[in-house]
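Structures given as structure tokens follow.
Next come two complexes, and both contain chain A; in the first it sits with chain B, in the second with chain C.
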Partner chain A sequence: MNTNTKLQTDMEKIDMATDIAVIGGGYIGLKAASRISESGYNVILAPQHNDTDLNFSILDVPLTEMDRIKALETEVANNTNVEILPMSTLVEAKGVPGDFTLKFVSADTVLEKKAGAVVVATDTAVNPLNHIYGLNPAPNVVSLSEFENLLASEETKKEIQNNEKTVAFLVGFAHEGSPLLMKRVLNSVSELVGMDGCSAYVYVNNIKVADDGLERLYKQCRDNGTIYFKLQKAPTIIQENENLSVTFHDPVIRNDIELNPDIIVYEESLIADKTNLSLAETLRIDPGPMGFLQKENVHRLPVNSNREGIFVVGSARDVQGLSKSWIDVDNMVLRVKQLIGDGTKSISTKAVVDREKCTICLTCYRCCPHGAISWDDKAIISSLACQGCGICASECPMEAIQLIDFTDAEMTERIKEAAAVEAPNAPKIVAFCCQNSAYEAGMAAKAFNYELPAGLQLIKVPCAGKVDIHYILDALVEGADGVLVLACHHGNCKSESGNTYAQWRINDAYRKLAQIGIEKDCLEFATLASNMANDFARIVIDMEKRIGQKKD
Partner chain B sequence: MIVAERKPFDEIKELIHGYKKVLVVGCGTCVAVCLTGGEKEVSVLSAELKLSNKTESAPATFGEATVQRQCDFEFLDEIKDIVGEYDALLSMACGAGIQFLAERYPEIPVFPAVNTTFIGVNKDVGWYEERCKACGTCVLGMTGGICPVTMCAKSLFNGPCGGTNHESCEINSDQPCAWHMIYTRLAKQGRLDNIIKICPANDWRNQKPQTLVQPGYEERKASAE
Partner chain C sequence: MKAKNVMIIGGGIAGMTAAWELAEAGLNVDLVEKSGFLGGHAIQYTCKATAECLQCGACSVEKMLKDVVGNDKINVLLSTEIENIEKNNGYSIKIKKSAAFIDGKKCTNCGICFDKLKENEVIIQGYSKNNAPLYAVNREKIDENKIALKDVCPEGAISVSDKASYEDLTADAIVVATGFDPFNPERKGTYGYAKFSNVISGLELERIKRQSGFPARPSDGQAAQKIAFIQCVGSRDENLGNLWCSQVCCPYALRTAESLKHKNPDLDITVFYMDIQNTGKSFPEFYETCKNDIRFIRSIPVDIFPAENDNLNMRLFDEAQGTTTMETFDLVVLSIGIMPNSENEKLSTQMDIALDADGFFKNSEGLNKTSTSNDDIFIAGTAQGPKNIAASMAHAGQAASGVLKYLGVTK
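The block that comes next holds the complex of A and B.
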């Protein structure tokens, strides 16, 4: 805990809890628990619902893997370094990396656990889509999972074989689908056409084969007699007890093609675990699309959430099968080791709170995209969790937060210097540039000798979120004719929302300038990537032209 | 906390028109928390004033200071060595702070840079809602923790009135009826008998300048006098 009142640049030594909490007790959670304990950490495994009784067939787990998973289950159950909590709900998560306090509620008992890091390893759930085809589930109209179960049991499998069943699969008309689902369909098709007398029709929209070996599997099934009908829209299906009819119009032979399969297998979608959203809220991590737990941001490398020390693996973060989920587990173990190590760490402080100035308004706590801020009687920034973006510092109403490398005093000095540089007959432009994108683009533009305004001065900021509204006004006060705030593209901000905060502040500055009676031409916000030197040059030249004309 | 909002820039400019040295004084408590008058807003306002003055032939100059609370003399004393250099003070505190600043430095004109709006709660960063009118007679115990003085357009102690309209108030369909909210809350808690009880009218004669001396400190006050 950093309780210093004055700026300091010392390394901070942190003692961390070395127990790792794994949330989710399915095959991904089990694997995570097993691999973390192999690395010498104790594990707290918290199943969220009855996932120890998983229906493995819903995943792309080959039957040959089932023994391995059962063995994994036994291994984890007998592992003395893994504490398996009863089925429970995570209701509270406080603290920072290395020192999380988690509260689980199980039946009527409350369990409080300390953990250095948290791994979210929830499963995917299956959503049958028969209603979209107007089908009612019946013994001869089954979901993909149910059909997989039929094939998995020797008895029902034999029945299908003995009756030489013809099976129609419906894929990709009810939703876009994914290679994972395609793989499951093709695995079933492959097994089916391998049985004498059985045949398969696959009515499919887009065939998703972008995964290892899928294209081959698709062709192999075709070579073995599977008939694919690639259609733009779903065929017309009539379900009358035993009698099934599937019809589509063939545009080449200009005829309706009707077939009468014995069994129809309708598709399913894989959806995020229903506990994901409440977990996200409790853990203060950003939910992503479709209820999965990772935002679409290029900086969220596998398994990272927006909070340090909270990792999202496997189908907790995206639709993923067994092999990819287990690769996630390996990546997560590397990140846990990197973060927790042997439980002590020296880390340099990136931001400090002036405890005399802090009025504990909670603005920083609410704005920090990394969940790095907590409080006792004043705000506290976790050195481990802080990414040094400076959003908090620029939002603090008391200027009580300073980034070690970008203090307000240094920034003010830098702004003064930049605005004081005179270029003959050229407007003075101060460009605040995010070091992750625009600053690199600006440096590249210089290196490539692009034409740049003579009066251009760059000011490097750790993130556009560090550009305080009064930096913008100060630059104009100090004599700049134009101010640019150059941020990362949407979805590309390392701190998730630094670019958004910057944009909001620019809009606020526009309102203020309008009240003062200054035209908005002198201020511009734009987004760039680090390789966009050309666009950087265009943006700054455009501004020079615009305000240069005004000056004349 | 007390919530305030910045006055329009033109009004502030008009108030301090003609003064050549102005000290912008922030307050580090309520108005800092509601992002209106803390140290940052002081910097922002003085930057705006400087920008707006740039074009003038003899621009005014602006100083900045933020004290912990403008409603305490001890904190106001902290700027006593610098106020003499200024010919006007521009306070960003609530109405109480502004008046106390004016009382502490009676020889210097003090101007408000904010409008004090209400006693309210913090819903999110930069988002506040009124919850209390400081009426002096709290009835929240009877009303399920929902203030009819603040939330009812008529400040009725015994409601609702005939204007209650499908959960809304007659003044505006976006304005919930306070007494409908009170009814719902009390029903949920099984305390509907509260709503039958007649709540005696507030003594609105209390709406005059008031002084509170905590009982344990009456002697202290007497001895000081």
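The block that comes next holds the complex of A and C.
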């Protein structure tokens, strides 16, 4: 067990489990297992349901690649470095990177496994959207998947061809859709218009052509006779048994246009696997929009979750086809190698708990955005998982946590120094700057000679979440005329909520200052990106102007 | 065992990412960049945040540049091109170093050369503070400025010779990350780009916003109040034979528009488009916000006419009325797209790897788009086709992963 103690040296040598757990046994999970084992690690593969049953077209697999992909199943099944668990559910995940203990339940057996890292590779699911159009599924009103199946079977395909069917496709009115869906529609359309006598009408809102080859395919279908109606809202559809009618208003010719197709194909959406949310809860990772397992935050890209050692790939994190999902798999392999290496690692400690001060209130456990904290009889910080943001240190009511590079004693010293620097005839401004964003922007503003206040001093912090309320008040007490806390934009904090903590503390400070009759003007919170020297300069100059006028 | 050596051609976000990943895996990397700066196009971009980050990815480039510059396993070769590549048990590569360049080891970033030779335009400044050195010699202006260049630097950091110099390097594998060319909007003559000063490209708007924080009009430096974005300029254009969507111009236009609007709620923004492409998982929500803030017109204007005060007139079709009206804008932004790098043909011959019908590098395997017909050459980023920053990075990661697999580097 890697326990932090007061006496701990800065470097810690850690032995890690080198088995890697992969959750999800579809073609993304299989590829993950295969690539991890090629890199020299053993794999525990935990299928969630009948993952490989998924329709190939949904994963956007070229026909030419089908056999190669199917071969993955045998390859992985015969791979002695891959242990395939029976269909199971992950019910518990304990531990830290390099040392996770996972509990799977399968039928009525419980399987406990050790893993150095966990890869979530769940599949996507298909959701038909007929109800949004008010359509009832019928032999002549089918979903995109069903239509793909009709074309895939020789028998039903012939029937369509022999009856010279006219097919209307509805795309992009029930939801915005994606290039992945658009490609499926266009593939079906392309096949259909290639059949003598058949025709295709595509009623579409925004044509999502933002992927390789799609614009070409779209134009090809048009040249082969497909008619596209680009509309801003869904056409009016009447479904009366055999009879179908689709009508829309054409604004140019100012007329209604009605057509009577033989078949209507309605769109589907690709949604997150239904197990994602419970996996997120068990693994303590942040779910993102629409049930996918990654928040929209560029620091997480491509395959990171908020917890070190837990990776999310493919359709577990976004709507993605196989090609893009396998890009994720390759990136995940890089991250696993970087983390686990050959199984031992010397790592510098970023944060330590003073075991004498810790009263095990678990504030730190709750606030750590990276799930880096566990406990025995005191809080323990995993050096591998800790990202050194310092949120815990600033939140701990017992002041029991210190960051090695930003101890409170050092910070107090830096604040004192900064507030002591005199600039003639200029207000003194102390700016606490997150090292990921505002500090970079500030240094850029200097490098590019933007006009900056003469009395400006920057104090680098690992994350705005490390700015204690004491720091702010200290800076003012030590003589600063103004204090700025400059964080990352919301949604861009590497530690997810560091900027939010900082903002809360500023609000707290406002209240405290108000009690002693000091005006708000001398304290400001703002957000910035590393590349915006200009915004940095504007914010600090604005503050100088404001407090400068007050001083005069 | 000697650490393997990989050459990466092109130091944009894709090349930098591949370099960093391989260096992290313990390999030695030569990163060859033709221009005087690392970072490629994306190091020039502005943050597009509103009250929150809109996930444009621009700041990831800043971070990667910093990481690459600080990594001693990456040998950065600026102002350098590939002269010749020969395959023999790996590759022998002759590189060509520009006749004049700034030596990063000696340059102190004092900027004296830049200030003194401002009029000659022979020294250019990097976009990021992490560009090392922060200045470079403009290759187009070397010949007429050789003498001035020789004496200007007090540190003697500017190397000037009669001719380009050559050096031989070896590599066990190659990653091609030579990126894209932005569409040159002069090719769409009726938009009056380069004729009317307030018709600018999306790339220029990126630089302007990054530098000054607001949409400064080139004609007078004033903040524009009424802006039009024209989408698909150069992309999805049958007349030009460009049968691809550039994938990035809807996202950058919408994000920038929202970001500008956040700073100045009175700003009047119109987007002319054919189809709006997604920005990411939160696109449905984001698009709703956009629809509240921005006027969307689903038609692409054909002409732009000059108007008083360097303003611009455009004809628009009003769907509700079914009529056409003329409207005036004070800034028009052409959302230019991603074109294949004009050097791709030369590079494809040098390396004996194929291009696709559009002129991007062709992947040899259906599902792995970093693969080429040479199993020791990989493609990364927009060299393969349009991609945003995040996708270029992920693609480069896959290329790096492929290199490691090819070289047999396991845990």
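Everything below uses one rule, namely that the second predicted complex is superposed on the first by the 535 of 552 C-alpha atoms of A that agree within 3 Å, B and C clash if a C-alpha of one lies under 4 Å from a C-alpha of the other, contacts with A are read in each partner's own complex, and residues count from 1 in each chain.
To be clear about the criterion, a residue touches a chain if its C-beta (ideal position, glycine included) is under 8 Å from a C-beta of that chain, and two chains touch if they have at least 3 such contacts.
What you see is a predicted model; the values in this text were computed from it and never measured.
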Partner chain in contact with A:C367 - chain B first, chain C second, else both or neither: first
Which superposed partner A:K512 touches (first chain B, second chain C, both, neither): first
Touching partner for A:P139 - first (chain B), second (chain C), both, neither: neither
Chain B versus chain C as contact partner of A:L473, first or second or both or neither: first
Touch count on chain A, higher of chain B and chain C: C
Chain B versus chain C as contact partner of A:T359, first or second or both or neither: first
Complex interface listing, chain A residues touching chain C: 18, 35, 38-41, 61-62, 64-65, 69, 175-176, 178-179, 206-216, 219, 230, 232, 251-252, 254, 288-290, 292, 296-298, 301-302, 318-319, 322-324, 326-328, 330-331, 333-334, 337-338, 340-343, 436-437, 440, 443-444, 446-448, 488-492, 527, 529-535, 538
Touching residues on chain C, where the partner in the complex is chain A: 21, 24-25, 45-47, 49, 51-55, 57-63, 66, 109, 125, 128-129, 134, 210-213, 235-236, 238, 243-245, 247, 250, 274-278, 280-285, 287, 298, 319-320, 322, 366-369, 385-386, 390, 393-395, 397-398, 400-402, 404-405, 410-411
Of all residues in chain A, those that touch chain B in their complex: 357, 359, 361-363, 366-367, 395-400, 468-470, 473-474, 476-477, 512-513, 515-518
Footprint of chain A on chain B - complex, ascending: 8-10, 28-29, 32-33, 35, 38-41, 43-44, 47-48, 50-52, 54, 66, 122, 124-125
